[in-house]
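Below, chain A partners chain B and then partners chain C, in two separate complexes.
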Partner chain A sequence: MNRYLKYLTGKLKWYILTFFIAVFLNFFLPRFIPGNPVSALVAQMAGGGASSDVLDKLYNSYIQEFGLDKPWYTQFINYVLKVFHGDLGISFSLYPTKVNTILSHALPWTIALQAPAILIGWIIGNLLGALAAYKKGKFDSAFFPLALFINSIPYYCLAIILLYLFGVLLDVFPIGGGYSMQLIPSFSITFLIDALKHYLLPFFSLILVTIGGQAIGMREMSIYELNTDYVRYAKLLGISEKKITRYVFKNAMLPQITGLAISLGTMVGGALITEIVFSYPGIGTWLFNGIRQQDYPLIQGGTLVITMAVLLANFLIDIVYGIVDPRIRMAQMEE
Partner chain B sequence: MKLLKTLLKSKKFIIGLCVFLLLLFGSLIFTTISSHDPAEMIGFLYEPPSKEHLLGTDNFGRDVLIELIYGMKTSIYVGLLSGIIATFIGTTIGTTAGYLGKTIDNILNSITNLFLVIPSFVILILLSVSLRSRSLTLLAMIIGITSWPWTARAVRAQTSSLKTREHVNMAKLNGEGYVEIVLKEILPYMLSYIFMVFVLQVASGILSEAGLSMLGLGPSNTISLGKMLSWALLYEAVRTGAWWAFIPPALTIAIITFSLLYMNTGMDEVFNPRLRS
Partner chain C sequence: MGKLLTVKALKAYYKLRLGEKLRAVDGVSLTLQEGEVLGIAGESGCGKSTLASCLSGLFFPPLKYQKGNITLDGIDIIRTDKQTLRKSILGKKISFIPQSAMNALNPTLKIEDFVADVMQEHEPDLSREEAIKRAEERLEVLSLPKDVLKAYPFELSGGMKQRTIVVLSTLMNPEIVIADEPTSALDVSSQRQVIELMKRLLQMKITKSMIFITHELPILRHVADRIAIMYAGVFLEVGTMPQIIFDPRHPYTKVLMSSIIVPEKGMRERKLPLITGRPPDLRKRIKGCRFAKRCPYATDECRMREPDMEETDGRKIKCFHPLKGKEIKQNEVI
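Let's look at the complex of A and B:
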């Protein structure tokens, strides 16, 4: 247990360092933008016919909030302190809404869209991939190119094609949004059915790609395992086919499980563009809005949330692996 | 040369390569001899396909087919350049870390791990947001410098196993330096692998460009396949049923990436015979 603790603290230190670097990049990169983003923004708002009183107030509050008169390291420390208090600042485009509020409304939509697509797609994909490797012959030669083709269509292109086919041409699904405009989000039956209708199309576009990718990976791993010496030896010994396949697929599954953990980590940032295509009210759509309106706090908040999700997932994988597989622990200790 | 001969045995590789080269040279030749200006407005918004304009017009009244050919050229250009940059950085860092070991390996490996964990697309978004004007080359460069870590990690692993071989030791005894050994004794043995990685990097570069464009961070003042998709989405092509504005660029991206991935699968089968079931 002592050793494990040592492994864990080592990992934790590394992740804290990575987190700081991520926060630093998040803070620093948008500061390369030439000119003062605040005055550009205020000028942009003046075009919208806002009164000068409001503009002054806006300008001062932004300058104060960012402490733009202070040196950059003071700004950075303030930014980090705010991040640690869970404060991502105030949105430019939806002033005076907090970025926290926007993102915490967006995150459940993204997770509700991605988590089931990844999990179900992973299960179906692995079953199909294993089947293709096992059956070979006609099934494999029909299945493999199809899976490869689906996998090489970028997920957002597939989304656009599905949107046109089922949303416009056949008109069976709504073509955008998370729910109908006239409804207010609640847990009523009408709302849930409506939300489900909006959900299915983006869901299918994501799950198809997941199935394709997982099936190819699993097929490859299974073929590799089926050709190993221990399988040949087991066959020579006359061990039943059923028993062998069980061992083969158990071994082939290992890397696939890592893959699942990683995709769950990249979940928040993984479907940004699918959300844009379907104007689904998740993180991606808000990031897109932020970029279009040069809303830097919103962009920074979005990218930070995506990064933190990935870091957290990786850390969890490391914790679990440390428990499950002592070899990994040892290898890491040596580094 | 020997590598090429082995590769030509794979049907998948040849099909992928032919499709890719056809698209590449097709768009290159067309854009050099054609006098069409892809940005010229030749009609009204979303005119359906006709004899004069085989794929109709887009939201600005421009000819979609001509845009598509120009977009194909820019997308492939971004893919190739970013692929070269990413493969170069990844290979350099990987061989250096793997061959030199010790402190340098520790440092380089930590940097690699760092950029493996921080999502590269996020860095790409932050970098693109901070650049006011993004030329194609600049965009390709930032895609390249954010996508090398996987290559570096894999190349490092191969280098550290290759460096213990006899012929490397012989070269060392001959007094050859680190650069010479890496170039002459180590790289040639991973050439097939590096080429496979390069092909994948080209595909992912094309996808990154399209993804960035659809987020509104595409190259300025240029037509690319991603920008065509982003215009179509912004100007309601889907809602108005103008399929010719978004289905062709989406399919073209899919065909380009498919050709590259098919090449990669073919190479994989040639170099890892166990996969040929």
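Let's look at the complex of A and C:
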């Protein structure tokens, strides 16, 4: 186990390096977007009625306030120092709201939308996939094309189709938002029911795609495992179908665990477009707003949160996989 | 010594796409006495592994049973229901050592867990600890290291893995072991160890009889009491080990024997006789003797009619013109 820890600390170095590169890119990439965020902001605020003198003053005070008058390296150092104090700065577009506040309000929505969709979709998808491989015949020939079809539709297209069908044509679900505008978020029954109504459409658009994708992967893996030599040998020694199914299921499951961890890791930024389609108040929608308004701190903050989630998930995969699969553990320790 | 296993006119085929049938086992009869080792030899593709697989009564798709009987200790294997077959026959009365030891074990299961699974399947009252203890004792008796039980299959070398499989297959003291090319994938020294291990199992009466399938005739010389030569889905000659190895009578046995490289004096200079041509296509019905096309002694009769299996001096032969003793000329290329 000691060697295993050594292996993990070795891995950790790479994650830290990746994190620094990501921080670096997070800072520079938004600044490559053509245009000036402050002039857009000033124009929006003044509404066109103010004199150019007032506009200039407003402009300069914003530039100073945001620190955009300083050279880029000073800005970068300030940004990095702040990041390590857990401060993501102040949003341009929602001045003077802190980015921390915006993201901490958005994050629960994103997680509440995606985590159940991914987890439940993953479980159902894997069960159905294994069942299709095991049952073969009619069940498989009906299920497999369906899963393939659902999986082939881009998830945002499915989102738009569901939105149009159930939101517009049938009008059974609201077409956007996380809750009705006239309600104030609270844990009252009225609010929860309202939030659930807004939740179902984006949730189904995500879970269907997850089920389709996972089921296809699991079906392929199970078919492969069912035809291996060890299954045949176990049958020749009289081992029951039940036990053999357990062997096969576990071994077919191993690559799927990676899939789950990656989905969970990319979750925060994963369904960006789903959130935009449904105007769901999660990270995706805010990031989208940030990009449109060149809100550097907001973009930086959003991408930083996504980066950290992906890195954390990958690190967890390394740990979990080593525990579950003895072959990987062996290889890991030999590195 | 009684008959343990009787196979009568067994036929089985692979169902190919487009409904074609590949008749891999096309009328095989054999008997196995208690305490006997029967070797089955032949070129690859002759149906010997398929025959081995048929003996389990499971017929893994696309293999299909067509005709014939398999009787093990008075039990009709083919007509026994799968549950009984699995619980009280497979692994217990008849056991198998598979061809591909490399992948025959579940890669994510420790050997000891597999041991427990196998033994508890046949003795439901047995505890896991008891099962592992019995396996340890067995390894000790066979002077193999006990710690293989704690290992995962990928942690064992090829030779060790195959020996472990030999032990696993015989944990339940099966009356018959069917070994399907158990040494084919191994280097020479590992081959020897596996053969020694199997011989020891027989000596210690852990298993009574064995069917040993191989394409390497020299191995049979060390283990087999009787040898059957298989070709294109049928046996062409069956006899005692000395009869087949030192005095082959069927032209095919003769060529098969002489195509073996033996590192003896004077052998290096000698050119090995080649068997020209290919075995017949088993998807088509074969007219006449199956070996006729490649046989230098074939006559019109051979090409028209299939010879019957006939027995003389305890040797069965399926040929119209068997060779007479040492008649064939040396260096003759056929």
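The rule we apply is simple: the second predicted complex is superposed on the first by the 272 of 335 C-alpha atoms of A that agree within 3 Å, B and C clash if a C-alpha of one lies under 4 Å from a C-alpha of the other, contacts with A are read in each partner's own complex, and residues count from 1 in each chain.
Throughout what follows, a residue touches a chain if its C-beta (ideal position, glycine included) is under 8 Å from a C-beta of that chain, and two chains touch if they have at least 3 such contacts.
None of the values given here were measured: they were computed from a predicted structure.
After superposition on chain A, the partners chain B and chain C are seen to fit next to each other with no clash. Rounded to the nearest 10, the superposed model shows the Cα centres of chain B and chain C diverging by 70 degrees about the centre of chain A. When both complexes are overlaid on chain A, the residue A:Tyr247 reaches chain C alone and has no touch with chain B.
When the two structures are aligned on the shared chain, A:Tyr164 is found in touch with chain B, with no touch to chain C. In the superposition on chain A, A:Tyr230 contacts chain C only, with no contact to chain B.
When chain A is checked against chain B and against chain C, the one touching more of its residues turns out to be B. In the superposed model, A:Gly238 lies in contact with chain C only, and not with chain B.
By the touch criterion defined above, A:Ile273 lies against chain B but remains apart from chain C after alignment on the C-alpha atoms of chain A. Remark: least CA distance from chain B to chain C after fitting both complexes onto chain A is 11 Å. Under the contact criterion defined above, no residue of chain A touches both chain B in one complex and chain C in the other. Interface residues of chain B facing chain A in the complex, by the touch rule stated above, are 106, 109, 113-114, 117-119, 121-123, 125-127, 129-132, 203, 207, 210-211, 214-217, 229, 233, 238-239, 241, 243, 246-247, 250-251, 253-254, 257-258, 260-262, 265, 274-275, 277.
If you check the complex, the residues on chain C that touch chain A are 56, 58, 60, 85-87, 89-92, 95-96, 98, 100, 102-109, 117-118, 121-122, 152, 154-155, 165, 168-169.
Touching chain C in their complex are the following residues of chain A: 228-230, 232-240, 243, 247, 250-251, 254, 325-327, 330.
Touching chain B in their complex are the following residues of chain A: 14, 18, 21-22, 25-26, 29-34, 133, 136, 140, 148-149, 151-154, 156-158, 160-161, 163-164, 167-169, 175, 220, 223-224, 226-227, 266, 269, 272-273, 276-277, 287-288, 291-292, 296, 299-300, 303, 306-307, 310-311, 314, 335.
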